[in-house]
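So, here's a batch of structures to check.
The two complexes that follow have chain A in common; it is paired with chain B in the first and with chain C in the second.
== the complex of A and B ==
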């Protein structure tokens, strides 16, 4: 059966591949001609009616013999650079040209080497590439009688400042977060890791968006196979637009049919740096503050950067609480349903009597009750996320008073169920990464628990564990420190061992260089 | 990666084998009816017997390190007879898997969920087993350590909470067992708990190269038998200490023993946790037999893939498990009277034959 589905998927893949080939736009690479008027008209034709596309024509030299044209997109370039470093030297400070022009020197080389005072400047002859660089904020300069144009980097546009990210809030630790600008994001990482082995490899993904994507890793730590795999998968992406790193995540992940995500992400440069130092690869996408990190392990979602910045004892306790809260958020309602429906003997007798009194008169079976309450909670949560903040208070009043208080008073839902659902709801906020898969699993487990009791829940648990164990993220077993059981990596899983004990990088990630600090790093007195 | 090419490490195989032994703990009652309070003695006897079995298996795995049982049969018995023996083995594995499916559904039906149809219970478990088998042997063996830890935590928890209720007087009179009964009960332990190791001759070929050291298979067998035996002894000691003479009467003595534990009226009747553990351990047992059946059929018919076999064999397994026994007592009778002899054919007779023929062939070739 699985084979059948797989074959179908392969067939669809093959079909779409053929389709894509026939639909491919035939792009002729147009080269620059020696006639500048012709060049300008070609570029004008391609750019069409764009109002923000500026063409500036002027003459160079004393006798106004050399025609020059500048192209740029208004708003994406830094005007002062164009005025001060390109136009001014070319139009006024042409003392060089005056003497050299008659000696038949290469004008464009002279302009590049001696006149334009901008850092990044390149020669390019293809009109397509010139327009592309123009669209990314560069300024293109064409010189008459030359079949090459100059690409001068002048990109600058309004960007958000570096702020504290909204999602990964910490009490202790750096406050800065990534922004939408890929250059500033790479700088943020570079400032954390001052090492020439830190490599940023650039790519462009998206036929129409041409989104800049950088693959970042630390040479000598990361397993080279992972880097190659990442490059291979990124290279396979053929899509017209990449608007957010989520597009890339969904197109490179190992298990697209799984509830669990196999690609990690973070919004904080210190977190990404730490992950790269453990042997992971980061994928930075232009236009989004979310940076992807692969391979991802299941336990990674329970880690916070603060765990490592604060002292280990309380943080280990917090880690245990986090794991516990995921278990509660998935299993609490279903276990409650199973206990009240099938296994009443497990509940201590006094508690059981209280619960029986509370449940008396409620019309629905526990399973239905739990299901309805959890769905109600999901509705409330979604409403709370989407609504503007002032309206949000109304939601909480409706949620707490009407649904919580009134349903119990009216005898529709028993009060222990409300308590269990409330506990589940609070616990579900702790694990953000697995929160979405947990909400779906919770509903499934409620149904199984209502039908098959503890037997069904155990079977469901085994199913989920088998699934987690079978997952791989870029060749690394997803459920790594637990199954396969890697004893040495347990020091950074359910607990967080003291830093002086974690002198080796996680074995599960197969780093090339596993030594993190010297073997005996216990702080010592003089 | 293809499911058939998956490799496992020696440590993972050891963990899986311990889980495999613990899967038989549900059948503790069978030997307990014979050995009564001297069950620990029977277990020691069974461990010794299984160590003898292990010597045979160790020799076989050493002679044919990269071959599964099916291929060994072909090499040793020739193409036709070998296929016949392999077919018998596959039927044995299949029936064992079905029997354990029946045993666990019996347990849940009689003890925990009396009104749920047995078919539903069997179906639910087999879906998970089929999923695990479809994901490959690597996944099954990797998962074993997790459940082994659960099991150990549970046993430790039971021991601590039940300590005040334990009466070690229950072990008296000591050595109150006839020689026949001792041999009989030791043989039951040896064949059901440990002798079923014969199925792992199918999986030693899956060991990765780093685990194929000189004495790695000796280590794997010895460690798993000893730790499995240790867990078995602890469980039976807890059982006898808690309920004493009632233990041999009950069908699921360990489970019944835990019902007695009562810590200040707060922790009562948590046998449901034990049932979860029993289910998890039997899950491994069924998975291993299921996988052995499926991969055996693949090997014998020289198929390129095995995942399409999982569903049909699973369906047949459910039906077989429902038809195999009329009632739970027949299971007990089968395990006490028939299996200790019927199992020996596959666990000892054929492996010894394999060994002897291999040695003979070697002698003739040398001449």
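== the complex of A and C ==
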């Protein structure tokens, strides 16, 4: 059915292909000329009215014969670097080595090699590229009579410090999280994996934002086909702006029509490092702390980095609880509705009496009751997320009073329903990744359960499972290791086996090198 | 199928899923009249029957949240009809909600109707998909209505009270608990007789209460007699359905003392000899010494233990003999001896099946009881 819809949409796409290139960059490659005045005026024209665009002109040489111009964007550069490492050597220190300058050497080469004391310096002749690098925080230096300019890396701007992420909170484990700065993010990963095989490939996506995107993987572990596929899909993206990794996620995912996401993400370097070490590819986007990881398996959403840091027994139990809570958060209200309207006979008799007493006098059918309660909960949750914190608290008080107390007291909603909805709500907070798909499925299942009972829920469940098993994420079956069944990967699925047992990387991800630790790593007594 | 397009194919499958599912029905809980007990009685007109549905008055049930509103917790609706199902549907004349029998707990059969033959009246409860067969069947000593009308303590819902009364029978093992399913199974067997507990209304100081007392024995579907408590336990020993119970032994010249049954196992082996059919009943009993005695027995001593075991064997043997004697006098094979013979001698059984009624009273029974005393609750001597 989804394929059918997809075909239709593809057809529509074909017709509208003509409009596709409207965002294409007007790229007339302008080269630098030997005349610095002309160059400056061209750049001025392109940068137009920008107030933060600074042009600094000065002279070099004994007779002040060499004209030099610096360009940079105010606030994106480190002023001390410009003052101490560019202007000072050129305008003052150069007198110490004036003899060298006069030797009619290639001046720009001299400046690059002997005078400017900044790490990253490149020669560039295209004005477009010079302006682009200027916009990313570099300083551009033009020297009269040269058709090449210097790009000096001076980028520095106010950035958020590395903090503990608000999501993915752990009791045990590193507290650091990614920031909006891609360089610091790659550093965070590099600090976890000290291996020359850790590769960061850079890309720029977004015609207007020119967002830096890095594809990170570990050579020798990752399946090369996955890397190629990631590159291919990223290369296909033609969009004006990439403001967050979500843009990329939605443009490269395998199943855009599915409720379930097939691209994983994390805000923690240790999680991303662990995923790369299992053979996944990370996609780091500038401007967001959320790093994407592909391929994603369904079970991954139940994993937490803490599972591996703490001892396995309790963590296996917690894993089971997590799976259980996803099931509860999707099915609890619908099963409750089905039981109370269709299958009263399967409820234990004493419970049935209690429920019947509570239902007595409530005006609405159970299905409507559940639907309204769940929608109310979603409203409250959304309000709680979006509202400023002090107001959010007021919301939760109102919610607790309105949903919990008043509706039951007034006899509008039965109290078992409130309990079920509350249980559902709590359970839905456990699986963050599938939380959004669970919310929608829950409502669908309430309707099916209310109309068709447990029979309908079973049909719905079969549909969901068929769909899940049909999904793939970058060539890897989404529902592995359950379907296709991979026995060895079950060690890290519903349970988390002890580390000394998990000697091999997950086979589902087809790693090139699957040995993770030496076999028989059981701790030994001396 | 090759030419049908995929979406059409898919929607056909989808439709089939919903159409082929069979019957379904949704009921809101607050539209149901919850029945906790059904009773059948004879009606005034001879060709009619009287059905009692005990309906929960849900508003008067006390929960943790609210206390009872006062008034009766249940409401016994009595209605007559030509058949049980007819009467059940007639119930809607006087009761505004549809009777919901899925959770009924007990089926009470009036004595009068039981004597006339009860299976045609109970058949509906076996057939109806909504009514479960795991309910207990009890015979009222009198009218079913009278039993269901009694207001009970601790558990205000009368139907549940009777069900729980049957459930706690295992403490004594002097009453049987027969589910509707068991009742029917025994009835279907050509030779085995079915039975059920008897519930009596007893009046003390003007207050009515219920008592589980004895076992009603049926010949086919007609009530023919009763077993008392002792005989009932004998029956339970033979059919190996003893869970617990107290055996009171009285060694000569020494006071009464009690043993608690912990475990009991019975093996019934039929034998066809020249003298007819013989049943070997072998009971193995594990008990705890529970004291209650004047003369102290130290069961860690062999002599004391053996004395008690001897008398316990005697008591059990007497109970079994009493049960067999009564069953023989009623000519009802409540023990399922016929089935046991059938299993062991399938060939000879063919000739015996039709005249089992004449064979059964002459069956010889040899009873062997082996009691062991395993514990004295950690008391060996009285302080």
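To be clear about the criterion, the second predicted complex is superposed on the first by the 504 of 526 C-alpha atoms of A that agree within 3 Å, B and C clash if a C-alpha of one lies under 4 Å from a C-alpha of the other, contacts with A are read in each partner's own complex, and residues count from 1 in each chain.
We adopt the following convention: a residue touches a chain if its C-beta (ideal position, glycine included) is under 8 Å from a C-beta of that chain, and two chains touch if they have at least 3 such contacts.
All values reported here derive from a predicted model rather than from experimental measurement.
Partners chain B and chain C, brought together by superposition on chain A, clash. In the superposition on chain A, A:341 makes contact with chain C only, while chain B stays out of contact range. Applying the stated contact rule after C-alpha superposition, one finds that A:235 touches neither chain B nor chain C.
In the superposition on chain A, A:466 makes contact with chain B only, not with chain C. Residue contacts after overlaying the shared chain place A:75 against neither chain B nor chain C.
Of the two partner chains placed around the shared chain by superposition, chain B and chain C are both touched by A:452.
Using the contact criterion defined above for the overlaid structures, shared-chain residue A:415 touches chain C, although it does not reach chain B. Once chain A of one complex is fitted onto chain A of the other, the partner contacts of A:355 are limited to chain C, with no touch recorded for chain B. In the superposed pair of complexes, A:484 makes contact with chain B only, with no contact to chain C. In the overlay built on chain A, none of the stretches 7-15, 205-213 or 349-357 of chain C clash with chain B except 7-15. On chain A, the surface touched by chain B in one complex and the surface touched by chain C in the other have residues 1, 3, 342, 345, 349, 452-453, 455, 459 in common.
Put simply, chain A touches chain B in their complex at residues 1-3, 342-343, 345-346, 348-350, 452-456, 458-459, 462-463, 465-467, 469-470, 477, 479, 482-485. Taken together, the chain C residues at the contact with chain A in this complex read 6-7, 10, 17-18, 21, 24-30, 32, 34, 56, 58-59, 61, 63, 65, 100, 102-103, 105, 130, 132, 157, 160. The residues of chain A lying in touch with chain C in their complex are 1, 3-4, 340-342, 344-345, 349, 352-362, 365-366, 415, 450-453, 455, 459.
Chain B makes touch with chain A in their complex at residues 9, 11-12, 15, 108, 112-113, 116, 120-121, 124-125, 127-128, 131-132, 134-136, 139-140, 142-143, 145-146, 265-266, 268-270, 272, 275-276, 279-280, 283, 305, 307-308, 311.
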